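Per-chain residue numbering starts at 1, and chain names A, B, C, D, E and F are given in the order in which the chains are listed.
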C-alpha cells in the first residue's frame, strides 16, 4: 500500500501547468507518494483534449519530477452523465438532452482511458450515475431498482469494452446517486455486466458508511475488485444526528448536519480495520486522501490525514505462514 | 391515546361493503378502538366518489356499529402525485402528464377532505411526493433540495387552504421519496407554507428510523403538529446490515435485507420512549398499527402488535403537579 | 418476594381513616400484596402519636382486612433532620435550630420504631440526612466527606440502639443528600457504626442509577443488609441528557430533564437482573412500588408498574442443587 | 412453531409410569404443547429396552392422553460416548474402554432411533462427543482440530445410516465438548459426512452464545438443517464477567459465575430475533424449553419461560407476497 | 487554536521569580505556547498585590522571554468565596464571616482583573461558588436551586461590571460546587445577569463529563461565550464505576474511584469531536492543559498531554465555502 | 516500565550466535530496551545445556552489547508437559509417556531457572499445561476442574521450590489449555500452592480477552503477582465473529476467524487502561511485545507495535500525593 492524494484539494492553487506543478510539489512535500488526477472539464490542471494531443508527456514529467506516481485518473463529473439523472441536476456538467449527455459521458470516459493508457496508469476512477437513485425504496414502484438493470448494462458494456481494450479498469465509486451505492448493488452491477473484468471499484469507505453498511465487509467480499481506495472518513455527528439523521439534506458546510465527511482519523471509521482487511485481500495499491472535510482548510486537512494514515500504511505482504 | 389500525391490512378480505364490515369487525375483535381508512382508488372498501354521493352514511354506520371510530382518512397513493415523481414510477396510480397527475392529486385530496368533513373526521393522512428525493445529497446540484421549496409551496398552499376550509388537517407522513422525510425537512416544509395551520404530521416512527434519526426528538420538537401516529416498527437487521446497509434496495419481502419494517415490539423502537414523549406532548389521538411486516401473516401481525402496544397505551393525562 | 406499594401515591385520596381504607382497598384491587406506610407528619393516613395512643389496632385491622401486610413503616421526611442540612431546606419539616431538628428527628424515629413493633413490622425505612452532601467532591475541602463520619456515628448509634431494642432494623435509603448515597458510602456508614446489626438498607435502585453506579452490585455485596426494596425506575432521558446531564436541577416535572424517575419497566433498569440477584441473595421481602413518575397519573403509574413487575416476582427459593 | 418442554426438568417428580404421567400432565397444565423425552439410562421415565419391548404404546398413550405430542427423543448422555472423551469424564455414563464406550453409544442411539420410529417421532436430539474439545485452540498441535475429522466421519456415518434407515434425523446440539460447537464446526461436521441427509441440528441458542457467536446467523445459514430448537437462554453476568469471563469454570450453581444458563427472557438472547429468523427459514417445529437456570425452581422456571415465549410463538406461515 | 498549560502543575518547582522562570521555561520546552496563571494567594509564582504594585512588568517579561503568551489569569480559589459555601469548607482560603469572605472574593477578583488589564490579558478564569450545590436535587426544597438565583445575580453583577470596565471577561468554569455546573445552569447564570457581556466560560470538558452531559453540546450552544478551554480529560473507570458510580467521594488519589481526572488522551473524551466543534464555533483561543491526573507525575503527564493534543490543534480557520 | 520484545519473532533470521546477535541488534534498532528469551529446544538462539555449560556469558554479552537487558527467560513449550495434555498433542515437544514428559518438563524448567540465575534474570515465563482444559465446562463431570487441583499442586510445588531456591519467580501465562487461564483460575492456582511466593504471572492481556474477561481487573486484583507483561493484542473480528464466535478453531492464519491475535494498537485492548492500572499497581517491569499477528510481517508488526506502545510507556512513579 501507498499513500496518495486526490488532486482536487489543490484546485485553489490556480489554473494551468504552474499551478499543477505547485500542486504536485505540495503533495510530495506533505508526504504523499502518489496522486489521483481528475480530468473532467472542471479540472484546472488537466485539459483532456490537450493532454491527448501531446500534453500527456508534460503531465507525466511533472508528476515524476516530484517523485510521485499517478495512482489513477478520475472522472466522476462526466461519468455521472452516463446514467444521469439527465435533467437540470447535471446541466452544469454538460447541457443537452439525455442522449447528448450520455454520448458525451461515453466519449469523455473513453478519452480518459486513452490518456490513462498513455500515462501508463491502469485505473480510471469514476461514477456511472443513476437514472433515479431514490428508487432504492420500493415504492411507488416495487421493482423500480431492478428496472434500471438493463439500462445499466446497455450503457456500461460498451464503456467497459473500450477501457478493457486500453488495459484500463473502470473503478466505480459506490456513492449516493449511483446505481451501485453499497455492497449489494455493487454485486448487482457486476452481475449486470457479466462480471466484466474491466469493472472494478474505487473503495470510498465514507460513502459506504453513509449507506449504513460496513465498508470492511465490502473488502472481505469484493477485495479482488478493489483497484483504488479513497482515504475519506465520515462522521455521524452525535449531537445533531437525532435531528437530521444520516440522510442530512443541504450544503455540506451546514454546521448542524447529522453526517459530514471528514479527513481520515476524524470520523467514525477504524482505519486499522480497513487496512487490515485490505492487507488480507492482498491490496497493494494506493489509498488516496480525498479531503472534503468542511471543518478544515485544504492544507490542514491534508496534514491531519497524513498524520493519521501514514503511520498505518502496511508495506510488507501478509506472511503466508507462521514464522515462530 | 387510543389504539387503532390502518385498514389496508384487511384488503385480503375482499372488496365491497361486506368485506369492509368484516374488516371493521375483525379490527374490533382484535382489540382496536379506531380505524384509519385509506380512500385512494386502490381501496377495496371505500369508493371516494360513491361515498361523497351519499355512501358516507353507510361507512359511518359500519364503523360505529362495530364500536370503533375513524381516526383518519388517508390517501398516500394519490398524494404522491402532488409533487411526483411524475414519470413511470407513479403511472400505476394515475397515468398522464405531470400536470395531469398533479391536478388529479389535488382533486382527490380535496375530495378526501370533503369526505372526512362529512364523516366528522378532522385528519387526512397522506404523502405529498417529491420531485426528486435523491437530491437530499448535495451533488451534482448543491442547492438541489432548496430548489424544490418554491414548487412545494406552490402546490401545497392550495391543498392546505382547501383542507382548512373543511376543518381538516393534512397529516403528512415523513417517509422516503417525500419532500419532508425527517425532522429538519418537516420544519422546512412548515416554513415553506408559512406555518400553515392545516399542515400537520402523521408520525410514523419506523420511517424516521430509516432516515437514521430519533423519532422521539421529532415528538419533542413538533409534538403540537402531530395529528396521528402510525404503530409501525423498523428493524436494522443486525446480521444483514453490514451488507445492504440501512438503504436496502429491492422488494420488502427479500429475506436478507438490512432493514425491514416490523410490527411494534419486533423492531428497534422503544415504544415506551415514544409513548412517554407523546404523553408529555399532550397527544391524545390514535396510534394506528400499520402492519407491513414481511415475516408475519396479516392477522398474526396484528395480534402481536396489540399484544405489545395495548398494555402501554396511556389514557390518563400527565399530572400537572406533584401529588405526594 | 412479594409485590407492595408505598402509600404516598394514595395521598390524593384524602385524609383520615376512610381515605386510608380506600387507599388500602385500591392497593389490593390493583394486585399489591403489601403496603409501605409513611408515618411522618405529612401523612394523611397515619398520625404517629395517635397510633401509639391506641390507633395502631385500627391500622392493623384496615390493612389485614384488605388482605395486605405492612412491609415497612417509613419516615424519610423526619429522618432527614438527623444530619440535616439544618437550614431553610428542612424548615418545612420541622422548624428550629440544628439541635432542635436533630432531637425531633431522633424522637420521631424512635416513635416510628415503637409503632412498628406494635404492628409487628420489623423494618423502618428512612433517611439519615447529611450535613453537606456536596462534599462528595473533594474540593475545597479534600477530606470533607471523611470529616462527617464522626457526626454520623454520634447521631446514628443511639437511633440504632433504640431500634434494635424494639426488634426493628433501620433501612436507610441511599439517595442524593444522604450520607450514604452509593455502595461505597453505604459500606462507610456500616463501618462508622461498627456494623451495627440494626443498620440495613431500603434498596431503591433508581437512586443508585442516579449516582451512576450499578444497583445489582449493591445487592451482590450488601444483599444480606437489604431489608426492603423500592420498585422505582430511572430514565436517563436520551434526548435531553446531553444538555442537563445526569444531575438535572429543578422540578421533577420539568419536561426536558436529562434524568427522571419512572415506574418500573419504563426506565433503564433491568428488573430481571435486579430480581435475579435479589433471589441469589435469598431476599424474600417486599418490592414496594414507589411511583414518582412525572408522566403518569397516580393510578395509571401503578397499573403500569404491576403489569411490569408482577410477572417477574419469584416466589420459590433458589434451588440448592442441580435437579437434573 | 409450537412450544414444548424438555422432560428432564420433571425428574424430581420421581421414577416410573406414574411420575411420567404426572410430568406430562404438569407440562400440559403449564401450557406446553409438546415434550422432548430423554431416553438415556438416567431417565426416570423411559427405560429404552422396556419401551422397545412393547412399552412404547403406553408412552404414546400417556403423552397423547395429556393432549401433547413428542417433539423429539433425546440422548445426549450416551451420544457423548461416540467420540468421548473416553476417560474418567464419561465413566458415570458407561464404564469401559474407549471401544466399549463407543460401541455402547452406537447401540443406544440406534435403539433410540428405533423407539422414535415406533413412536412416529422423526427427530433424535443428542450429542456426538469430541475426543479433545480443547483442540479448538491451535496449540500445541496446530492442526489438532482437523485431525479429528476422520474419526468423526468414521463413527458418525454408520450412526447416520442407521437413523436414516428408520426415517429419523439426528439433531446434534452444538455445545462445549462436542466436535460441532459453533456454526463453522457444524458446517465442518456436515462436510465430514458428505452432507448426510440424516444429520440435522437441535438449535440451542444459549450454547452458541457461550461460544461467542450469533445464533441468528446459525439459523440464517443452516436453517434447513434445524430439526428442533431448545428454549434456553444464557446470561453474560455483567457484574461477574470481568473476573471469570465467558468460560467460567466450576459448578453451574456457583453464584459468581460470569456466564450462566437462564430460562428464556432472563438472559441476553433476543427471542424475537431468533423467532423471526426461524420463521423466515420456514421452521415449523417445536421450541422445547430446557430449564437449567440455577436461580429458579423447576416449576417457577417453566412458568417464567412460558410467560416469555408463548406470546411470541408464530403459528401462521410467512406470507409469500405483499398483501397490501 | 493554541496549546497552553495551567501553571499550577509547576508549583513543585518552588516559590518566587526563579521558580516562576523555571516553570515558564519548562512549559516552553515541553512545547506549550501559552500559560494560564493562577493568581490566588496559594500561587508560589504571583503575588497579586506585588504584581499590581509594579511587579507585572517582570511577569510579562518572563513569559515573553520564553516565547509564550499568557492565555488567562485565573482565580478559582478566591472566586469560590463569592457564593460559598461560606463555612469551614472555605476557611483555608480566607477565614471570616460569610460577608467577609464574599467581600474578599469580590476585591480579589477585581484586582485579578486589574492585573489582567495591565498584562493585556482579556480573560480571568475562575469559580463563583454556590451556596449549596446539593440543592440541584429538588428535595427537601423543591425550588431550592431557583432560590439561589437572586443571590447569584446580586453578587455577580458588580463583579462583572468591574471586569467589563477593565476590558476583561470572567470565564466561569462549570464544575461541581458551582452555581453553573452544566449547560442548563450555565444558561441559567447568563439569564440571571441579563446576558451580561462580561460573563463567559472556561470550558473544562472533564467537569462536564462528571455532570453526565456532553461537553460538545455545550460548545454547540454556547460557543460564542467560551473564552478559554481546559485541556483536561476524565475517565469513568470501567472496573470501579459499578461500585462508586460517577459521584465518587474521597481523595482524588484513591485508587479505586469510579471517576478520575486524566490528562487528555487517557480519558473518555474525544478531543477530535471537541476540537471540531470549537473550530466550527470559530474559537481561536487557547486550550490550556490542566494536569490533575493522579496516575502520572507532573512532568510525565504534560508530556503525554502534549503528545495527544498538539497534533490535533487546528490553526487554520474553517473554510467559508467549498473549494472543490 | 520498559518496552521489550519476545525473541521468537526473530527466528526467521536463522540459527546460532550470529543470528542471535542480529536479532538483538534489530531489537535495539527498532527501539526496544529489553528482550525476552525463549530457551526451549525449539530456540535457534539458545541451547540450554550449552548455555549452562558456560555459554551464558556470551549470551549476556551479546545482549548487553546491544544496550538491552533480558526481561525474562521463557519456556512455554516444555512447561506445557508438566500437566499435559500428555498424548499426541505434545509429542512434537518431547515424545514419551506421561511420566517421561512430566519429568522432562520439570528438569528443563529447573535448568531454565538456573540459567536465569546465572544471567541475573529473576523471571521465568512459561506454561504449566493442563490435563484437560475442556473440563472448564462442568459436564459430563461436574467437578472436573476441581479434580485437577491436587495434581496441579503435586507437580507445581517442587518446580516452585526449585525456582525459589534460585531467586527466580515462575511467571505463568494464563492462556487456553492451561490450568490457570483467567483471573479466577489464577487465584485457584495460587491457593493450590499455598500462595507460594515463587508463583507469579506473565500477563498476556490478549489471552485474557480470549477468555472473555477484562485484563485490567486481573491487574487490579493480582497486580503484585505480575512479574512480566506481554505486549500482545487481540481482535474480535467484527465481521466474522457472528460465525466462528470467540472460540474460532483452526490455524491462526485462517483469514475468516472471528478472533485473532494482533500487535498492540491493532486489536480491541485499551493499552492506556492497561498501562494506567499497571502504573497504579506500581509495576516497573517490562512489557515485551509478542508478535503473533497473522496480518503483518515480523518486522512490520514490530514497527507498528513500537509506534503504538512506546509513546505510552510511563517511566515516572505514581505521585504519592497531590502536588497542586
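Heads up, the rule we're going with is that a residue touches a chain if its C-beta (ideal position, glycine included) is under 8 Å from a C-beta of that chain, and two chains touch if they have at least 3 such contacts.
None of the values given here were measured: they were computed from a predicted structure.
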Checklist entry - By the touch rule set out at the top, what is the minimum number of steps from chain B to chain D? => result 1
Checklist entry - Looking at chain B with chain C, do both copies bring the same residues to the contact (over half shared) or different ones? => result different
Checklist entry - Can you tell me the C-alpha superposition angle of chain D onto chain E, nearest 5°? => result 180
Checklist entry - More C-beta contacts across A-F or across A-B? => result A-B
Checklist entry - Greatest Cα-centroid separation from chain E: which chain? => result D
Item to check | Option in C-D, A-B or C-E whose residue-number contact pairs overlap B-D by over half | outcome: C-D
Checklist outcome for this item: dist(centroid_CA(chain C), centroid_CA(chain F)) in Å evaluates to 51
Checklist entry - Centre to centre, by mean C-alpha position, how many angstrom separate chain D and chain F? => result 38
Checklist entry - At which residue positions does chain E touch at least two other chains? => result 142, 214, 217, 239, 242, 251-252, 322
Next on the checklist: Please output the residues of chain E touching chain A within their complex, sorted ascending.
Outcome noted: 214, 216-217, 220, 272-273, 276-277, 279-280, 311-312, 314-324
Next on the checklist: Under the stated contact criterion, what part of chain F meets chain D in this complex?
Outcome noted: 77, 80, 85, 88-90, 92-93, 130, 132-146, 176-177, 181-185, 208, 211-214, 217, 221, 236, 241-252, 258-259
Next on the checklist: For a test of understanding, state which residues of chain F touch chain A in their complex under the given definition.
Outcome noted: 8-9, 11-12, 235, 238-239, 251-253, 255-256, 265-266, 292, 294-300, 304, 307
